[in-house]
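Chain IDs A, B, C and D follow the sequence of writing; residue 1 opens each chain.
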(Lines give C-alpha, C1' and ligand atoms only; values in the text may rest on other atoms or scores of the structure.)
Protein backbone atom coordinates (compact mmCIF):
# COMPACT_ATOMS: atom_id res chain seq x y z
CA UNK A 1 0.00 0.00 0.00
CA UNK A 2 2.65 2.51 -1.04
CA UNK A 3 1.40 5.95 -1.98
CA UNK A 4 4.61 7.05 -3.62
CA UNK A 5 4.03 5.47 -7.00
CA UNK A 6 2.49 7.68 -9.64
CA UNK A 7 -1.26 6.94 -9.72
CA UNK A 8 -3.50 7.98 -12.60
CA UNK A 9 -3.32 8.77 -16.29
CA UNK A 10 -1.27 11.08 -18.51
CA UNK A 11 -4.11 12.60 -20.59
CA UNK A 12 -7.15 14.27 -19.01
CA UNK A 13 -10.06 16.10 -20.62
CA UNK A 14 -12.56 18.62 -19.17
CA UNK A 15 -15.13 19.43 -21.91
CA UNK A 16 -17.01 22.05 -19.91
CA UNK A 17 -15.53 25.45 -19.11
CA UNK A 18 -16.74 29.04 -18.87
CA UNK A 19 -15.34 32.18 -17.22
CA UNK A 20 -17.88 35.05 -16.88
CA UNK A 21 -17.11 38.13 -19.01
CA UNK A 22 -15.14 40.93 -17.38
CA UNK A 23 -17.49 43.49 -18.91
CA UNK A 24 -19.93 42.72 -16.11
CA UNK A 25 -17.61 44.40 -13.64
CA UNK A 26 -15.55 43.13 -10.73
CA UNK A 27 -18.35 41.44 -8.79
CA UNK A 28 -19.26 38.66 -11.25
CA UNK A 29 -15.55 38.13 -11.81
CA UNK A 30 -15.35 37.02 -8.20
CA UNK A 31 -18.37 34.77 -8.23
CA UNK A 32 -17.15 31.73 -10.05
CA UNK A 33 -13.79 30.06 -10.49
CA UNK A 34 -13.09 27.15 -12.76
CA UNK A 35 -10.60 24.91 -11.03
CA UNK A 36 -8.64 21.83 -12.06
CA UNK A 37 -7.24 19.96 -9.08
CA UNK A 38 -4.09 18.05 -10.10
CA UNK A 39 -2.62 15.39 -7.81
CA UNK A 40 0.85 13.96 -8.39
CA UNK A 41 1.34 11.02 -6.03
CA UNK A 42 4.70 10.00 -7.51
CA UNK A 43 8.17 11.08 -6.49
CA UNK A 44 9.04 12.79 -9.79
CA UNK A 45 7.71 16.25 -10.74
CA UNK A 46 4.85 16.30 -13.27
CA UNK A 47 5.39 18.60 -16.23
CA UNK A 48 1.89 19.50 -17.32
CA UNK A 49 0.77 21.07 -20.60
CA UNK A 50 -2.75 22.53 -20.90
CA UNK A 51 -4.46 23.27 -24.22
CA UNK A 52 -7.70 25.26 -24.39
CA UNK A 53 -10.25 24.52 -27.14
CA UNK A 54 -13.01 26.87 -28.37
CA UNK A 55 -16.16 26.63 -30.49
CA UNK A 56 -15.01 29.00 -33.21
CA UNK A 57 -11.26 29.56 -33.15
CA UNK A 58 -8.01 27.59 -33.00
CA UNK A 59 -6.88 26.10 -29.69
CA UNK A 60 -4.73 28.19 -27.34
CA UNK A 61 -1.63 26.99 -25.57
CA UNK A 62 0.53 25.44 -24.42
CA UNK A 63 0.05 26.58 -20.84
CA UNK A 64 2.82 25.01 -18.76
CA UNK A 65 2.46 24.03 -15.09
CA UNK A 66 4.64 21.90 -12.83
CA UNK A 67 3.31 19.82 -9.95
CA UNK A 68 6.16 18.70 -7.67
CA UNK A 69 6.38 15.08 -6.55
CA UNK A 70 3.91 14.08 -3.81
CA UNK A 71 2.10 17.40 -4.07
CA UNK A 72 -1.35 18.62 -5.20
CA UNK A 73 -2.10 21.78 -7.14
CA UNK A 74 -5.50 23.47 -7.32
CA UNK A 75 -5.23 25.39 -10.57
CA UNK A 76 -7.62 28.23 -11.44
CA UNK A 77 -8.16 28.76 -15.14
CA UNK A 78 -8.76 32.46 -14.36
CA UNK A 79 -5.07 32.67 -13.42
CA UNK A 80 -3.64 31.28 -16.68
CA UNK A 81 -1.87 34.11 -18.50
CA UNK A 82 0.95 32.72 -20.68
CA UNK A 83 0.71 32.65 -23.70
CA UNK A 84 -2.56 34.63 -23.12
CA UNK A 85 -5.44 34.81 -20.62
CA UNK A 86 -8.36 32.46 -21.24
CA UNK A 87 -11.04 34.57 -22.96
CA UNK A 88 -13.93 35.63 -20.73
CA UNK A 89 -17.53 35.00 -21.73
CA UNK A 90 -16.60 32.13 -24.03
CA UNK A 91 -17.29 28.42 -23.82
CA UNK A 92 -14.10 26.37 -23.76
CA UNK A 93 -12.77 22.89 -23.12
CA UNK A 94 -9.38 21.88 -21.77
CA UNK A 95 -6.95 19.03 -22.36
CA UNK A 96 -4.39 18.41 -19.62
CA UNK A 97 -1.35 16.30 -20.50
CA UNK A 98 1.41 15.21 -18.12
CA UNK A 99 4.69 13.36 -18.58
CA UNK A 100 3.91 11.21 -15.52
CA UNK A 101 0.55 9.84 -14.30
CA UNK A 102 -1.60 12.31 -12.35
CA UNK A 103 -5.29 12.51 -11.36
CA UNK A 104 -7.47 15.50 -12.32
CA UNK A 105 -10.79 16.70 -10.87
CA UNK A 106 -12.82 19.58 -12.29
CA UNK A 107 -14.53 21.86 -9.77
CA UNK A 108 -16.38 25.15 -10.04
CA UNK A 109 -16.07 27.24 -6.90
CA UNK A 110 -18.55 29.87 -5.84
CA UNK A 111 -16.58 32.26 -3.69
CA UNK A 112 -19.68 33.94 -2.31
CA UNK A 113 -20.04 30.98 0.03
CA UNK A 114 -16.55 30.61 1.50
CA UNK A 115 -15.08 28.01 -0.82
CA UNK A 116 -18.27 26.08 -1.38
CA UNK A 117 -18.35 24.43 -4.77
CA UNK A 118 -21.12 24.28 -7.31
CA UNK A 119 -20.11 21.21 -9.23
CA UNK A 120 -17.33 18.69 -9.47
CA UNK A 121 -16.41 15.65 -11.52
CA UNK A 122 -13.38 13.52 -12.07
CA UNK A 123 -12.11 14.49 -15.54
CA UNK A 124 -12.04 11.99 -18.40
CA UNK A 125 -8.68 10.22 -18.33
CA UNK A 126 -6.93 7.89 -20.71
CA UNK B 1 2.25 15.47 -26.05
CA UNK B 2 0.33 16.22 -29.20
CA UNK B 3 -3.23 17.45 -28.74
CA UNK B 4 -4.26 16.89 -32.32
CA UNK B 5 -5.05 13.21 -32.07
CA UNK B 6 -8.67 12.32 -31.40
CA UNK B 7 -9.03 11.69 -27.64
CA UNK B 8 -12.02 9.90 -26.16
CA UNK B 9 -14.70 7.39 -27.07
CA UNK B 10 -17.28 7.05 -29.84
CA UNK B 11 -20.33 6.16 -27.70
CA UNK B 12 -21.47 8.30 -24.75
CA UNK B 13 -24.53 7.98 -22.52
CA UNK B 14 -26.28 10.53 -20.26
CA UNK B 15 -29.08 8.71 -18.39
CA UNK B 16 -30.46 11.80 -16.65
CA UNK B 17 -32.31 14.53 -18.50
CA UNK B 18 -35.28 16.80 -17.90
CA UNK B 19 -36.49 20.04 -19.48
CA UNK B 20 -39.15 21.91 -17.43
CA UNK B 21 -42.61 22.04 -19.02
CA UNK B 22 -43.45 25.14 -21.06
CA UNK B 23 -46.87 25.30 -19.44
CA UNK B 24 -45.20 26.96 -16.46
CA UNK B 25 -44.63 30.05 -18.59
CA UNK B 26 -41.51 31.72 -19.91
CA UNK B 27 -39.70 32.19 -16.60
CA UNK B 28 -39.09 28.53 -15.68
CA UNK B 29 -38.15 27.91 -19.29
CA UNK B 30 -35.21 30.19 -18.73
CA UNK B 31 -34.11 28.72 -15.43
CA UNK B 32 -32.49 25.48 -16.42
CA UNK B 33 -30.64 24.27 -19.48
CA UNK B 34 -29.47 20.73 -20.07
CA UNK B 35 -26.14 20.90 -21.83
CA UNK B 36 -23.85 18.31 -23.39
CA UNK B 37 -20.33 19.65 -23.92
CA UNK B 38 -18.66 17.84 -26.83
CA UNK B 39 -14.93 18.16 -27.41
CA UNK B 40 -13.30 17.00 -30.64
CA UNK B 41 -9.52 17.17 -30.22
CA UNK B 42 -8.77 15.51 -33.55
CA UNK B 43 -8.22 17.10 -36.95
CA UNK B 44 -11.24 15.49 -38.64
CA UNK B 45 -14.82 16.72 -38.08
CA UNK B 46 -16.96 14.60 -35.75
CA UNK B 47 -20.33 13.60 -37.19
CA UNK B 48 -22.50 13.11 -34.12
CA UNK B 49 -25.86 11.37 -33.86
CA UNK B 50 -28.02 11.86 -30.74
CA UNK B 51 -30.90 9.56 -29.77
CA UNK B 52 -33.33 10.48 -26.98
CA UNK B 53 -34.92 7.72 -24.86
CA UNK B 54 -38.10 8.01 -22.79
CA UNK B 55 -39.89 6.04 -20.05
CA UNK B 56 -43.02 5.29 -22.03
CA UNK B 57 -42.53 5.83 -25.74
CA UNK B 58 -40.14 4.91 -28.56
CA UNK B 59 -36.81 6.72 -28.84
CA UNK B 60 -36.62 9.94 -30.89
CA UNK B 61 -33.93 10.78 -33.39
CA UNK B 62 -31.55 10.87 -35.02
CA UNK B 63 -30.51 14.41 -34.12
CA UNK B 64 -27.43 15.26 -36.19
CA UNK B 65 -24.67 17.61 -35.05
CA UNK B 66 -21.18 18.26 -36.42
CA UNK B 67 -18.22 19.30 -34.28
CA UNK B 68 -15.37 20.59 -36.47
CA UNK B 69 -11.83 19.35 -35.88
CA UNK B 70 -10.07 20.88 -32.85
CA UNK B 71 -13.26 22.55 -31.69
CA UNK B 72 -15.68 22.25 -28.75
CA UNK B 73 -19.45 22.52 -28.88
CA UNK B 74 -21.69 23.23 -25.90
CA UNK B 75 -24.99 21.76 -27.03
CA UNK B 76 -28.28 22.66 -25.33
CA UNK B 77 -30.94 19.96 -25.52
CA UNK B 78 -33.55 22.76 -25.45
CA UNK B 79 -32.31 23.80 -28.90
CA UNK B 80 -32.72 20.41 -30.62
CA UNK B 81 -35.57 20.69 -33.13
CA UNK B 82 -35.06 18.21 -35.99
CA UNK B 83 -36.77 15.73 -36.26
CA UNK B 84 -38.77 17.25 -33.34
CA UNK B 85 -38.17 19.25 -30.14
CA UNK B 86 -37.36 17.25 -27.01
CA UNK B 87 -40.63 17.02 -25.05
CA UNK B 88 -40.88 19.34 -22.04
CA UNK B 89 -41.78 18.00 -18.61
CA UNK B 90 -40.64 14.48 -19.43
CA UNK B 91 -37.74 12.43 -18.12
CA UNK B 92 -35.35 11.39 -20.86
CA UNK B 93 -31.93 9.89 -21.45
CA UNK B 94 -29.56 10.50 -24.33
CA UNK B 95 -27.09 8.44 -26.32
CA UNK B 96 -24.43 10.38 -28.23
CA UNK B 97 -22.56 8.53 -30.99
CA UNK B 98 -19.69 9.91 -33.07
CA UNK B 99 -17.72 8.58 -36.03
CA UNK B 100 -14.47 9.74 -34.38
CA UNK B 101 -13.49 9.78 -30.68
CA UNK B 102 -14.84 12.73 -28.66
CA UNK B 103 -15.30 13.50 -24.94
CA UNK B 104 -18.73 14.41 -23.49
CA UNK B 105 -19.62 16.15 -20.23
CA UNK B 106 -23.18 16.63 -18.99
CA UNK B 107 -23.95 19.94 -17.28
CA UNK B 108 -27.13 21.60 -16.07
CA UNK B 109 -26.89 25.38 -16.19
CA UNK B 110 -28.94 27.70 -14.03
CA UNK B 111 -29.13 30.93 -15.97
CA UNK B 112 -30.39 32.92 -13.00
CA UNK B 113 -26.81 33.03 -11.76
CA UNK B 114 -24.88 34.14 -14.83
CA UNK B 115 -23.83 30.78 -16.24
CA UNK B 116 -23.37 29.04 -12.91
CA UNK B 117 -24.06 25.33 -13.14
CA UNK B 118 -26.03 23.09 -10.86
CA UNK B 119 -24.46 19.77 -11.66
CA UNK B 120 -21.94 18.20 -13.96
CA UNK B 121 -20.49 14.79 -14.70
CA UNK B 122 -18.42 13.20 -17.40
CA UNK B 123 -20.85 11.02 -19.37
CA UNK B 124 -20.50 7.24 -19.53
CA UNK B 125 -18.27 6.38 -22.46
CA UNK B 126 -17.36 3.16 -24.19
CA UNK C 1 -24.21 3.70 -35.32
CA UNK C 2 -27.08 1.56 -34.12
CA UNK C 3 -28.60 2.51 -30.78
CA UNK C 4 -30.44 -0.75 -30.30
CA UNK C 5 -27.58 -2.75 -28.85
CA UNK C 6 -27.35 -2.87 -25.07
CA UNK C 7 -24.81 -0.23 -23.98
CA UNK C 8 -23.25 -0.22 -20.52
CA UNK C 9 -22.44 -2.56 -17.68
CA UNK C 10 -24.35 -5.10 -15.58
CA UNK C 11 -23.15 -4.01 -12.11
CA UNK C 12 -23.42 -0.42 -10.84
CA UNK C 13 -22.62 1.07 -7.44
CA UNK C 14 -23.77 4.33 -5.78
CA UNK C 15 -21.93 4.64 -2.45
CA UNK C 16 -23.70 7.81 -1.33
CA UNK C 17 -27.33 7.87 -0.29
CA UNK C 18 -29.46 9.58 2.31
CA UNK C 19 -33.21 10.18 2.68
CA UNK C 20 -34.14 12.84 5.29
CA UNK C 21 -35.99 11.49 8.35
CA UNK C 22 -39.77 11.67 8.32
CA UNK C 23 -39.74 12.92 11.91
CA UNK C 24 -38.95 16.36 10.53
CA UNK C 25 -42.46 16.56 9.09
CA UNK C 26 -43.81 16.58 5.55
CA UNK C 27 -41.84 19.59 4.28
CA UNK C 28 -38.30 18.18 4.44
CA UNK C 29 -39.66 14.93 3.01
CA UNK C 30 -40.45 16.87 -0.13
CA UNK C 31 -37.18 18.68 -0.40
CA UNK C 32 -34.82 16.03 -1.59
CA UNK C 33 -35.16 12.91 -3.70
CA UNK C 34 -32.43 10.39 -4.35
CA UNK C 35 -32.77 9.22 -7.92
CA UNK C 36 -31.09 6.53 -9.98
CA UNK C 37 -31.62 7.03 -13.71
CA UNK C 38 -31.46 3.68 -15.52
CA UNK C 39 -31.17 3.55 -19.31
CA UNK C 40 -31.70 0.32 -21.23
CA UNK C 41 -30.71 0.91 -24.86
CA UNK C 42 -31.11 -2.73 -25.89
CA UNK C 43 -34.17 -4.48 -27.26
CA UNK C 44 -34.58 -6.91 -24.36
CA UNK C 45 -36.08 -5.89 -21.00
CA UNK C 46 -33.58 -5.36 -18.16
CA UNK C 47 -34.41 -7.23 -14.96
CA UNK C 48 -32.79 -5.15 -12.26
CA UNK C 49 -32.06 -6.10 -8.66
CA UNK C 50 -31.18 -3.39 -6.12
CA UNK C 51 -29.49 -4.09 -2.77
CA UNK C 52 -29.19 -1.40 -0.09
CA UNK C 53 -26.19 -1.40 2.28
CA UNK C 54 -25.99 0.33 5.68
CA UNK C 55 -23.29 1.28 8.21
CA UNK C 56 -24.57 -0.87 11.02
CA UNK C 57 -27.00 -3.52 9.82
CA UNK C 58 -27.31 -6.22 7.18
CA UNK C 59 -28.12 -5.24 3.62
CA UNK C 60 -31.76 -4.98 2.53
CA UNK C 61 -33.21 -6.41 -0.64
CA UNK C 62 -33.65 -7.56 -3.25
CA UNK C 63 -35.69 -4.70 -4.69
CA UNK C 64 -36.81 -5.73 -8.18
CA UNK C 65 -37.37 -3.31 -11.07
CA UNK C 66 -37.85 -3.89 -14.79
CA UNK C 67 -36.74 -1.44 -17.46
CA UNK C 68 -38.33 -2.32 -20.82
CA UNK C 69 -36.20 -2.44 -23.96
CA UNK C 70 -35.26 0.97 -25.39
CA UNK C 71 -36.66 2.79 -22.39
CA UNK C 72 -35.32 4.86 -19.48
CA UNK C 73 -36.49 4.77 -15.89
CA UNK C 74 -35.89 7.51 -13.33
CA UNK C 75 -36.15 5.59 -10.07
CA UNK C 76 -36.67 7.36 -6.74
CA UNK C 77 -35.28 5.50 -3.74
CA UNK C 78 -38.05 7.13 -1.66
CA UNK C 79 -40.55 5.00 -3.63
CA UNK C 80 -38.95 1.60 -2.95
CA UNK C 81 -41.26 -0.37 -0.65
CA UNK C 82 -40.82 -4.12 -1.25
CA UNK C 83 -39.43 -5.87 0.79
CA UNK C 84 -39.43 -2.70 2.98
CA UNK C 85 -39.05 1.08 2.62
CA UNK C 86 -35.50 2.44 2.71
CA UNK C 87 -34.97 3.75 6.26
CA UNK C 88 -35.13 7.52 6.63
CA UNK C 89 -32.35 9.47 8.30
CA UNK C 90 -29.77 6.76 7.64
CA UNK C 91 -26.73 6.71 5.41
CA UNK C 92 -26.91 3.99 2.79
CA UNK C 93 -25.26 2.75 -0.39
CA UNK C 94 -26.83 0.90 -3.29
CA UNK C 95 -25.75 -1.83 -5.70
CA UNK C 96 -27.74 -2.11 -8.92
CA UNK C 97 -27.41 -5.35 -10.90
CA UNK C 98 -29.01 -6.10 -14.27
CA UNK C 99 -29.18 -9.18 -16.47
CA UNK C 100 -28.39 -7.04 -19.54
CA UNK C 101 -26.09 -3.99 -19.85
CA UNK C 102 -27.58 -0.67 -18.69
CA UNK C 103 -26.17 2.76 -17.74
CA UNK C 104 -26.87 4.32 -14.33
CA UNK C 105 -26.60 7.95 -13.19
CA UNK C 106 -27.12 9.08 -9.59
CA UNK C 107 -28.93 12.40 -9.11
CA UNK C 108 -30.28 14.22 -6.10
CA UNK C 109 -33.28 16.38 -6.95
CA UNK C 110 -34.34 19.40 -4.97
CA UNK C 111 -38.03 19.76 -5.67
CA UNK C 112 -38.19 23.28 -4.27
CA UNK C 113 -36.76 24.46 -7.56
CA UNK C 114 -38.94 22.73 -10.13
CA UNK C 115 -36.84 19.66 -10.83
CA UNK C 116 -33.47 21.33 -10.45
CA UNK C 117 -30.84 18.92 -9.19
CA UNK C 118 -28.24 19.36 -6.52
CA UNK C 119 -25.71 16.80 -7.63
CA UNK C 120 -25.20 14.11 -10.19
CA UNK C 121 -22.59 11.56 -11.16
CA UNK C 122 -22.37 8.54 -13.37
CA UNK C 123 -22.35 5.55 -10.98
CA UNK C 124 -19.38 3.19 -10.73
CA UNK C 125 -19.85 0.43 -13.25
CA UNK C 126 -18.09 -2.86 -13.87
CA UNK D 1 -26.44 -11.74 -9.24
CA UNK D 2 -24.71 -12.15 -5.90
CA UNK D 3 -23.93 -8.95 -4.02
CA UNK D 4 -21.54 -10.59 -1.60
CA UNK D 5 -18.47 -10.51 -3.79
CA UNK D 6 -16.17 -7.52 -3.33
CA UNK D 7 -17.03 -4.98 -6.07
CA UNK D 8 -14.71 -2.13 -6.98
CA UNK D 9 -11.05 -1.18 -6.89
CA UNK D 10 -8.32 -1.07 -4.25
CA UNK D 11 -6.91 2.42 -4.99
CA UNK D 12 -9.10 5.55 -5.10
CA UNK D 13 -8.14 9.20 -5.55
CA UNK D 14 -10.05 12.41 -4.70
CA UNK D 15 -7.97 15.37 -5.97
CA UNK D 16 -10.25 18.08 -4.59
CA UNK D 17 -10.55 18.79 -0.88
CA UNK D 18 -10.93 21.83 1.36
CA UNK D 19 -12.08 22.30 4.95
CA UNK D 20 -12.92 25.92 5.89
CA UNK D 21 -10.56 27.51 8.43
CA UNK D 22 -11.60 27.36 12.08
CA UNK D 23 -10.62 30.98 12.53
CA UNK D 24 -13.94 31.92 10.99
CA UNK D 25 -15.72 30.69 14.11
CA UNK D 26 -18.05 27.78 14.79
CA UNK D 27 -20.71 28.62 12.20
CA UNK D 28 -18.67 28.16 9.00
CA UNK D 29 -17.19 25.02 10.54
CA UNK D 30 -20.67 23.58 10.43
CA UNK D 31 -21.50 24.62 6.90
CA UNK D 32 -19.51 22.24 4.82
CA UNK D 33 -18.32 18.67 5.29
CA UNK D 34 -16.05 16.79 2.95
CA UNK D 35 -17.24 13.21 2.85
CA UNK D 36 -15.89 10.02 1.32
CA UNK D 37 -18.52 7.31 1.11
CA UNK D 38 -16.88 3.87 1.20
CA UNK D 39 -18.87 0.75 0.28
CA UNK D 40 -17.54 -2.72 1.02
CA UNK D 41 -19.83 -5.25 -0.68
CA UNK D 42 -17.64 -8.26 0.15
CA UNK D 43 -17.77 -10.51 3.19
CA UNK D 44 -14.29 -9.64 4.49
CA UNK D 45 -13.54 -6.37 6.33
CA UNK D 46 -11.76 -3.67 4.33
CA UNK D 47 -8.65 -2.25 5.99
CA UNK D 48 -8.39 1.23 4.53
CA UNK D 49 -5.42 3.59 4.61
CA UNK D 50 -5.90 7.28 3.73
CA UNK D 51 -3.05 9.63 2.79
CA UNK D 52 -3.57 13.39 2.50
CA UNK D 53 -1.53 15.43 0.00
CA UNK D 54 -0.90 19.20 0.11
CA UNK D 55 0.41 21.90 -2.23
CA UNK D 56 3.41 22.85 -0.13
CA UNK D 57 4.26 20.21 2.46
CA UNK D 58 4.81 16.48 2.75
CA UNK D 59 1.81 14.13 2.74
CA UNK D 60 0.12 13.27 6.04
CA UNK D 61 -0.90 9.81 7.16
CA UNK D 62 -1.57 7.01 7.33
CA UNK D 63 -5.11 7.46 8.59
CA UNK D 64 -6.56 3.98 9.24
CA UNK D 65 -10.23 3.09 8.88
CA UNK D 66 -12.00 -0.27 8.79
CA UNK D 67 -15.19 -0.93 6.85
CA UNK D 68 -16.79 -4.23 7.97
CA UNK D 69 -17.97 -6.73 5.37
CA UNK D 70 -21.25 -5.82 3.64
CA UNK D 71 -21.30 -2.39 5.22
CA UNK D 72 -20.97 1.24 4.06
CA UNK D 73 -19.13 4.02 5.84
CA UNK D 74 -19.70 7.73 5.23
CA UNK D 75 -16.39 9.19 6.37
CA UNK D 76 -16.01 12.91 7.15
CA UNK D 77 -12.52 14.28 6.63
CA UNK D 78 -13.28 16.79 9.40
CA UNK D 79 -13.32 13.86 11.84
CA UNK D 80 -9.86 12.45 10.98
CA UNK D 81 -7.55 13.04 13.96
CA UNK D 82 -4.82 10.36 14.05
CA UNK D 83 -1.97 11.01 13.35
CA UNK D 84 -3.21 14.67 13.21
CA UNK D 85 -6.31 16.63 12.13
CA UNK D 86 -6.50 17.64 8.47
CA UNK D 87 -5.39 21.30 8.36
CA UNK D 88 -8.21 23.83 7.95
CA UNK D 89 -8.13 26.45 5.22
CA UNK D 90 -5.76 24.43 3.05
CA UNK D 91 -6.27 22.72 -0.29
CA UNK D 92 -5.66 19.00 -0.11
CA UNK D 93 -6.09 15.77 -2.05
CA UNK D 94 -6.65 12.27 -0.73
CA UNK D 95 -5.61 8.76 -1.72
CA UNK D 96 -7.69 5.92 -0.30
CA UNK D 97 -6.19 2.43 -0.43
CA UNK D 98 -7.88 -0.80 0.67
CA UNK D 99 -6.75 -4.41 0.96
CA UNK D 100 -10.00 -5.58 -0.68
CA UNK D 101 -12.02 -3.94 -3.48
CA UNK D 102 -14.32 -1.11 -2.39
CA UNK D 103 -16.17 1.75 -4.16
CA UNK D 104 -15.63 5.40 -3.15
CA UNK D 105 -17.78 8.48 -3.83
CA UNK D 106 -16.75 12.03 -2.90
CA UNK D 107 -19.52 14.31 -1.62
CA UNK D 108 -19.55 17.76 -0.08
CA UNK D 109 -22.46 18.21 2.31
CA UNK D 110 -23.96 21.56 3.17
CA UNK D 111 -25.54 21.02 6.55
CA UNK D 112 -27.54 24.25 6.39
CA UNK D 113 -30.02 22.39 4.22
CA UNK D 114 -30.65 19.18 6.17
CA UNK D 115 -28.09 16.90 4.53
CA UNK D 116 -28.40 18.34 1.07
CA UNK D 117 -25.16 18.03 -0.87
CA UNK D 118 -23.39 20.55 -3.04
CA UNK D 119 -21.39 18.23 -5.22
CA UNK D 120 -20.59 14.59 -5.70
CA UNK D 121 -18.52 12.41 -7.97
CA UNK D 122 -17.33 8.85 -8.06
CA UNK D 123 -13.63 9.01 -7.16
CA UNK D 124 -10.91 7.96 -9.60
CA UNK D 125 -10.28 4.25 -9.12
CA UNK D 126 -7.64 1.88 -10.40
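FYI, a contact is a pair of C-beta atoms (placed from the backbone, for glycine too) under 8 Å apart; a residue touches a chain by one contact, two chains touch by 3 or more.
Quick caveat, the model's predicted, so the values are computed rather than measured.
S.K.: Where chain A and chain B touch, do the two copies share over half of their residue numbers, giving same, or under half, giving different?
M.R.: Different, since most residue numbers here occur in only one copy.
S.K.: Given that chain C is a copy of chain D, what angle of rotation, in degrees and a multiple of 5, matches their CA positions?
M.R.: Rotating chain C by 90 degrees superposes it on chain D.
S.K.: Roughly how far is chain A from chain B, centre to centre by C-alpha average, rounded to an integer in Å?
M.R.: Chain A and chain B have C-alpha centres separated by 22 Å.
S.K.: If you average the CA atoms of chain A and of chain C, how many Å lie between those two points?
M.R.: Roughly 31 Å, centre to centre.
S.K.: Would you pick out the residues of chain D that each touch at least 2 other chains?
M.R.: In chain D, residues 118-122 touch at least two other chains, as defined above.
S.K.: Flag every residue of chain D that touches chain C in the complex, lowest number first.
M.R.: Of all residues in chain D, those touching chain C are 1, 3, 7-8, 35, 37-39, 41, 70-74, 103-105, 107, 113-122, 125.
S.K.: Using the touch rule from the top, collect the residues of chain A that touch chain B in their complex.
M.R.: For this pair, the touching residues of chain A are 11, 13-16, 18, 20, 24, 28, 31-32, 49, 51, 53-56, 58-59, 61, 91-93, 95, 97, 99, 106, 108, 110, 118-124, 126.
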